[in-house]
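Consider the two complexes below, in which chain A is the common component and chain B and chain C are the respective partners.
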Partner chain A sequence: MSSYYENSARGRLAGLLDPGSLVEILPPTERVVSPHLRQLDTPAAFDDGIVVGEGRLAGRRVLAAAQEGGFMGGAVGEVHGAKLTGLLERALDTRPDGVLLLVESGGVRLHEANAGLIAVSEVMRAVLAVRASGIPVIVLDGGTFGCFGGMGIVSRLCDAVVMSEEGRLGLSGPEVIETTMGVEEFDSRDRALVWRTVGGKHRYLLGEATTLVEDDVAAFRAAALSLLDQLSDPGPDLSLAALEAEHAVLGSRLERFGDCGDALDIWERLGVEEPEKLPILDTADFLATVRDRRA
Partner chain B sequence: MDVTILLDRLFPDGHETAFDGVYFDGIGRVFGTEVAVIGTIDNTPIGIELAFRMAGTVLEVVRRHPGRPILLLVDTQGQRLSRRDELLGINGYMAHLAKCIDLARRNGHRVLGLVYGQAVSGGFLATSLLADRCYALPDAEIRVMNLPAMSRVTKIPLERLTELSASSPVFAPGVENYRRMGAITGLWEGDLAVCLAEALAAPVDGDPRRALGEERGGRLLARKVADRVRRDAA
Partner chain C sequence: MEILTFEYRGGQPVASPPPSVLVGVVGSGNLEVLVEPAPLGGLCRIEVQTAAVGFGATWQAVLDDVFARHPLADIRISINDVGATPAVVGLRLDQALDAFAGGAQA
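Up next, the complex of A and B:
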């Protein structure tokens, strides 16, 4: 078993795709780095914290991007974002069977905040263009830094999100909320609270994550493959009817859980017996316990 | 600018808008064209209820008024920073709003954004940055974070950031920075109804912001890098 959480972006891709199939585009040897970091005397990375390329998943042709949390928490700058947008637009030309986004990001990179914010909106437009053209986009979220900020929005624009229990998904990270609104709003050092608010198990119960897997690269691979095949026919649906259905789901979530102050309240309302025990269950037991209990 | 003055200036032929707290929607008429208007006031944070409500209005316009242009007048200090909104998946609500705006564009609605107050981070990402074109009033403010907060987080001295922001549009708040980087198509001044009518009539094709940012010298790498990744042999 190889931990997805502890792996690097390149390690995850190597284990996820068919052995030796990844061909990286603009690899570190090209040295396409952020000019803005240099200007602020901040160390740059030769890949700007993201790996993009083509590969195979059990023979299916895929494009894949992996953000490297080890470099500035996977934050999106001008080059980083442009690589992701370019990869998505490449899919419009090469028509792969799907696009895989291995997200790990704190959001916009503050050192180049304006460029990063605009870049994220370009990624958003590109994701929706790829889906509208009939190609599924699948998100994998199980990295050390989780997935927040603009990338949290991007993730939910995609067809499906695979998470591990260690994965985290949200908009404003706990530290950001604590720093801005005070520790009484969100205590970012309370790991149990953080986990049950933005962690994989809660996201799965709420329906924000499609699939929950163990923290194992092979499990992510199996889930991505299964989703790729499920989603390829009839393909992504961004029709008015599909968005009205999504609207109804989100409206019902507000009605059912809008007054809940804690995940435990939501889990209880979902009919989970002994909700306080969910955090300690391993993934298999958890999935068995919450079967038919998801929102 | 006060929103009632703004609406009068945008729609000299008349408008009917309904306000509910910080939210409003309705229609305005400009030179014979009916435009759906959706917006917020008072620099309001966008939480899940507001994102959901705006998404519902966009869907209703698409369903009931095929082709009607949509003008987003969103005045926001950003996404609502709250544990409860995170608990309920605010990123999913923001993404839903973005999908609805994108649906409108794909179904032939011209979608325009006008930043008349503030536009910040997530509240901007899920609304006007998804429009076909986004414009701003000259005295509006667009930012991710102010420089003192940025200095604290990045540990880069405030003096250094201030000094660099005189020449670089890349991190400091400001409408002009976003214009130089291509995200703001142009500033609206003078006769706002004429500005709106011209924007409604201008052709749109794809996402021009990288090319604009390059042309205006504010964002020199985004277009080149994206094009290389799109077209280089793997």
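Up next, the complex of A and C:
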């Protein structure tokens, strides 16, 4: 068993794809680094914190990207975003069986200001274009730094999200909420609070994570493979009626849970007995306990 | 940020080197090391970009030790550093050069 959480972006990708199948695009030796960080007198990374390339998943042809949270929290700068957008646009040309996004990001790289913001919006547009062309885009979220900000939005624009309990998904990250709203509103150092609010179990219960897996690279690989097959035939329903139905579901969710002050209240309202015990259950017991209880 | 360059002579080239080896991440207290074969006429060249300014003598001492352990020639080592301690720098370089000389991608 190899922890997805503890691995680097490169380690995750190597364990996820068929051994030796990854052909990296713009590898570190190309030295396509951030032009902005140099101006700020800050060391750049040779890959700008993201690995993109082509590979195989159990023989299926995939494009894959992996963000490295260890470099500036996986934040999206101009080059980082362009690599992601370029990979997605390549999918429109080469028509792989799917695109895998191994997200780990705090969102826009604030050092790069508007260039980072524009990069994220380009990624969003590219994701939608790939989905519209019938190629599934699958997010894997189980890294040390979680997935927030613009990349949180990008993740929810995709066809499916695979998470581990350790993964986190949200818009404003815990520290951002604490900084802007105060520690009384959200204590970012309360790990139990953070994980039950933005962690994989809660996201799975709300239906935002499609699949919940153990913190194991092989488990992520199996989930990605299964989703790839499920999503390719038939493709997702992207009609106006389907989108309106999705909006109606989101609206009813607010009605159901809008007055809940804590994830525990939501779990109780979902009919989970002893909701306070959910955080300590291992993945298999958790999935058995919450069967038929998801929002 | 400071850019430092070091050159060493007297090493031996690796017989069939991998195209490149990358280890580490550009994060606080950490560094990334990229090792590539390069036709440098027997030279080992190390280029360091570091966020910690004024530690040239420390880099020199650490890299002297590293070259003594790994006397390699015709290689280019590129480092992006965010204030890694000398011990971490030494370990990362050992990791990278072991992988490079052993042919295994770390």
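Basically, the second predicted complex is superposed on the first by the 295 of 295 C-alpha atoms of A that agree within 3 Å, B and C clash if a C-alpha of one lies under 4 Å from a C-alpha of the other, contacts with A are read in each partner's own complex, and residues count from 1 in each chain.
Basically, contacts are C-beta pairs under 8 Å (C-beta built on N, C-alpha and C of every residue); 3 or more make two chains touch, one makes a residue touch a chain.
Here the structure is a predicted model, which is why all the values come from computation and not from measurement.
Look at chain A after the overlay: chain B and chain C fit there side by side. Looking at the shared chain after the overlay, A:P27 reaches chain C, while chain B stays out of its contact range.
Of the two partner chains placed by superposition, A:A245 touches none, neither chain B nor chain C. Here chain B and chain C are compared by how many residues of chain A each touches, and B touches more.
Of the two partner chains placed around the shared chain by superposition, chain C is the only one that A:F71 touches, whereas chain B remains out of contact.
By the touch criterion stated above, A:V176 is placed in contact with chain B alone, chain C being left untouched. Once the two complexes are laid over each other on the shared chain, residue contacts for A:F46 go to chain C alone; chain B is not touched. After overlaying the two complexes on the shared chain, residue contacts for A:R253 are found with chain B alone; chain C is out of touch.
Of the two partner chains placed by the overlay, neither chain B nor chain C lies in contact with A:A58. Minimum Cα-Cα distance between chain B and chain C in the superposed model: 12 Å.
On chain A, the patch touched by chain B and the patch touched by chain C overlap at residues 42. The touching residues of chain B, counted against chain A in their complex, run 48-49, 52, 55-56, 59, 62-63, 79, 81-96, 98-100, 102-103, 106-107, 121-122, 124-126, 129-130, 142-145, 150, 153-154, 156, 160, 164, 168-172, 177-178, 181-183, 207, 209-210, 213, 219-232, 234.
Residue ranges on chain A touching chain C, taken from their complex, read 8, 10, 27-29, 41-47, 49, 68, 70-72.
Residues of chain A that touch chain B in their complex: 23, 25-26, 32, 35-36, 39-40, 42, 52-54, 78-79, 81-83, 85-87, 89-90, 93, 108, 110-122, 124-126, 128, 132, 149-150, 152-157, 169-172, 174, 176-177, 180-181, 185-186, 197-198, 202-203, 206, 208, 238-240, 243-244, 246-247, 250-251, 253-254, 257-258, 260-263, 266. On the chain C side of its complex with chain A, the touching residues are 1, 19-20, 22, 25-27, 30, 32, 34, 36, 49-51, 78, 80-82.
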